[in-house]
Each structure stands twice: as structure tokens, then as C-alpha cells.
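First chain written, first letter: the chains are A, B, C, D, E and F, and each begins at residue 1.
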Amino acid sequence: MAANTDLPPGVDKEQVFGMLAMEMEYKVELFNRLAMACFNKCVDKRYKEPELTMGENSCIDRCVSKYFLVNGIIGQMLSAGQRPM
Amino acid sequence: IEQLQVRDSMRMYNSVVERCFNDCVDNFTRKSLQKQEETCVMRCAEKFLKHSMRVGLRFAELNNLAATPDQSN
Amino acid sequence: MAANTDLPPGVDKEQVFGMLAMEMEYKVELFNRLAMACFNKCVDKRYKEPELTMGENSCIDRCVSKYFLVNGIIGQMLSAGQRPM
Amino acid sequence: IEQLQVRDSMRMYNSVVERCFNDCVDNFTRKSLQKQEETCVMRCAEKFLKHSMRVGLRFAELNNLAATPDQSN
Amino acid sequence: MAANTDLPPGVDKEQVFGMLAMEMEYKVELFNRLAMACFNKCVDKRYKEPELTMGENSCIDRCVSKYFLVNGIIGQMLSAGQRPM
Amino acid sequence: IEQLQVRDSMRMYNSVVERCFNDCVDNFTRKSLQKQEETCVMRCAEKFLKHSMRVGLRFAELNNLAATPDQSN
């Protein structure tokens, strides 16, 4: 999950650039899906006012936190050999 | 890299429009927008942008935490 | 929203090409999302016949028009500094 | 440019298939299509394509209008 | 639908590579949409257990088969000039 | 080609997370996951992966059939 900043020796520049581009693409997609999920879970779709309410704001904060936790759990499952239970 | 950012903001723009159209417009007896549809669209876009900014802040915080798991260095 | 045809001097060919490709990608995505939205709003999903009915056709025309209007409103909001209300 | 068009038609093709499968097929007691599922799929694809063409025409009209906001020139 | 392995003479390497990349992209997208559709149609979202049940497994097999059939029907329609009825 | 595979697995990973988050998490009174949400997420991811593998096998079979329509050669 975390950005790899220490690369093995012998890896050339272009590969590093490719990996960084991938990492960035991954983060952008993670952000977009997370933002969509939390908008759906937290924001009232009747749009009675242009401001987010206090309830919506705290829902959003918790939603982002929980999404990261889910991301971490599934990441661990996958790297642990895909048989956690 | 710069082009990636332009692309992201384009996509984001397209997705606000799609979302607010879907949530606010449901009457197709005329081809112009009614007043309350217009109001709904503007509020929706405002909320969506504010939501994106807030998510962006929280995301950056948690992302930085994850990138530096060892604070003792 | 409109295509920029008058570019500032000093912009080289490759940049112009990149901008045109972006513009095209933007339009394609706009078209796809619009088409999906109007299909969902206007077309009867029971598919009793292979033709679009008159009602569906006029719904589609109005739907495309309204989608463009929504696109314009949000575009203006964003370029006006994001605080319209 | 040409490759972009091939990609778009591929995507469009994939999305008709997805849409018509989702709307028409709901019975999984056999692995072959039933007659009415097949009819539904064909009508759905027809309608989808006709819809795309109509949207394409309207889109082009409005897009040209937007590209030439000043008709007095 | 099927992979073209016999190419017309005079087509250069780069074009072949481009066509193969397109073909692969098409298959990946087909797979992703099919997998999503069959997950939605066949898998119980309450997640009472980590295993797929026998019923879910046979539903998945039939679902993949039917998706391919739909893909084939629509492919034929399109290549037959888009007016099958 | 290799990069395409990395991209696909990234996308697949992002889509499992999205799916299992949406299906399992609905309570936002706290910022940590509750025990049953965690269990749900793990089962969901397991099922999703097993589903993907099974679909992959069937897909490959049917895809090979389609690529060799004439078995008499």
C-alpha cells in the first residue's frame, strides 16, 4: 500500500518512472472510488442547501477512515497468500 | 504528469455533471431547465465539490500516515 | 467548454496535439455519460419492440438538451471561482 | 486518432452487451439462452444503437452551437 | 469476436502490435464486465461464509456461458449490417 | 504488456475494496471498523476472489473454443 521509496539497485530510470506512474494511477483510482462511495453513503441527495451539514461532515471523515481500513485488511489478505480464514 | 492532472480534473468535472443531472433532472416534458432543477444542480455541484475537498484532505492525512509507518526516524 | 481554436503564441505543436487529444477524450467521456444517463431516463427497459417510440425519441432530444444545460451551469460555476451562492 | 476510434467502438460494443445481458437475462437454471431472452437481447441492442445514433446527432448539433457562440462573425 | 491470426499482407509490425494490444484491451474489458455482471446475478451479498456455495458455482458457470452467447448474438447483429429484425 | 497486467491487478484490487466496503460498511457513528464489518469484508473479499478465479477458468475455456471454431483442422 505504502509508496516504495527504496528501490532495489540495478533498476533503471524508466522503470522507476513507470512504477511511479502506476502508483499514482492506483492512488487516483482509490481516491475516486472512495469519494464516490462516501458521497453515496453520507450526502443527502435532496440537496436542500449548498453546504455540507455537520452530520454529513463527520460521516465523511469516518467514511474515509473506514475505507482505508477496509483497503488495508484486503491488502493484507492478498499479500498473506489469499487464505486468511 | 501535468496531462494526468488535466485528465483527472476533466473526469471529475464530467462526473459532477453526470451525478447532478441524474439526481436533479427527471422531467422531460420541456427542453429547458426548470427553476428548481437549476437550483438543485447548483447546490448539488457545490456539495459535491466541498465533499471532494474534504475527502481530499482526509485522504492526504491518512495517506501520509501510511507512507511513514515508522515515526522514530 | 467550447473548443479553443485561438492558442497563445509560443505553444509548440506537440502541446497543441496533446490539448486536442485531451479535448477529444473529454468530449467522448461527456458523450458516453450523457448517452447512458438519457438511456436510463428515457428508454423502457422491457424492450417490447426494437424501435424507439415517439415518446422515447422526444424524451431523448430533451434529455440531451438538458444535459448540455447542466454541463454549462456547472462549467460557469467552476470558472466563476466556485462560490456561486 | 484512429486507434482512439477503434477503442471507443469496442467500449460501446462491450457496454451494449453488458446492458442487454443485465436487462434481459435473469434465469440461470440452464446454460443456453431461452427464446424470449434472445428476443429481448436483440430488441435491446437495436434500441440501444438507435438511441446512440439519435444522441449522437443531437450532441453534434449542440456541440457545434457551443463551438460558435458568436454568430455575427 | 475471435482473434485474428491471419493478417493481410503489407501490414507492418507496429500495426500488428497495436491490433493485438486493442484485442487484449477488449478481452480485459469483456472479462471485467462479465465478472461484475455474474457476481451481481449469482453471489449472495450477505456473505455468510467465505466459500462459494454449490448453487453459486453452477450459477456462475451458466452465467459465463450465457454472457458469451449474448456477446455472440450482438456481434452477429452488428456485423450483419445492424438491421436484424 | 507487463504494465498492462500490473494495471489490471491494481484495478481488480481497487474494485474488490470498493465492492466489499459498499456491501459491508453502513454505520458511520465511529471511525473504526466493528467486528462484524471486518468479518463481512474478509468473507466478501474471499468470495470475490474465488468468483474471479472461477469466471477466469470458464472464460478461458469459452474463449479458446471461440478462437478455434473449426476443429477439423
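Here, contacts are C-beta pairs under 8 Å (C-beta built on N, C-alpha and C of every residue); 3 or more make two chains touch, one makes a residue touch a chain.
None of these values were measured; they are calculated from a predicted model.
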item	value
Chains in simultaneous contact with chain D and chain F	E
Graph distance between chain A and chain E, where chains that touch are linked	2
Path length in steps (a step moves to a chain that is touched) from chain C to chain F	3
Chain whose average C-alpha position is farthest from chain B's own	E
Pair from C-D, E-F or D-E with over half of its contact pairs in common with B-C	D-E
Equivalent-chain rotation between chain D and chain B, CA atoms, steps of 5 degrees	120
Chain separated most widely from chain D, comparing mean CA positions	A
Centroid distance [mean C-alpha coordinates] between chain E and chain C, Å	28
Between chain F and chain A, distance of the C-alpha-averaged centres to the nearest whole Å	17
Of all residues in chain A, the ones touching two or more other chains	25, 34, 42, 50, 61, 65, 85
Of all residues in chain F, the ones touching two or more other chains	11, 15, 24, 42-43, 46
Chain contact topology (line, ring, star, complete or other)	ring
Chain ring listed from chain A, with chain F in second place	A, F, E, D, C, B
Touching residues on chain B, where the partner in the complex is chain A	4, 8, 11-12, 15, 19, 23-24, 40, 42-44, 46-48, 50-52, 54-56, 58-59, 62-63, 66-67, 69
Partner chain C, residues of chain B touching it in the complex	3, 6-7, 10-11, 13-18, 20-22, 24-26, 28-33, 37-38, 41-43, 45-46, 49
Parts of chain C lying in touch with chain D, wherever the complex brings them together	1-3, 21, 24-25, 27-28, 31-32, 34-36, 38-39, 42-43, 45, 47-52, 56-57, 60-61, 64-65, 68
Partner chain D, residues of chain E touching it in the complex	18, 22, 25-26, 29-30, 33-34, 37, 40-42, 58-59, 61-63, 65-67, 69-71, 73-75, 77-78, 82, 84-85
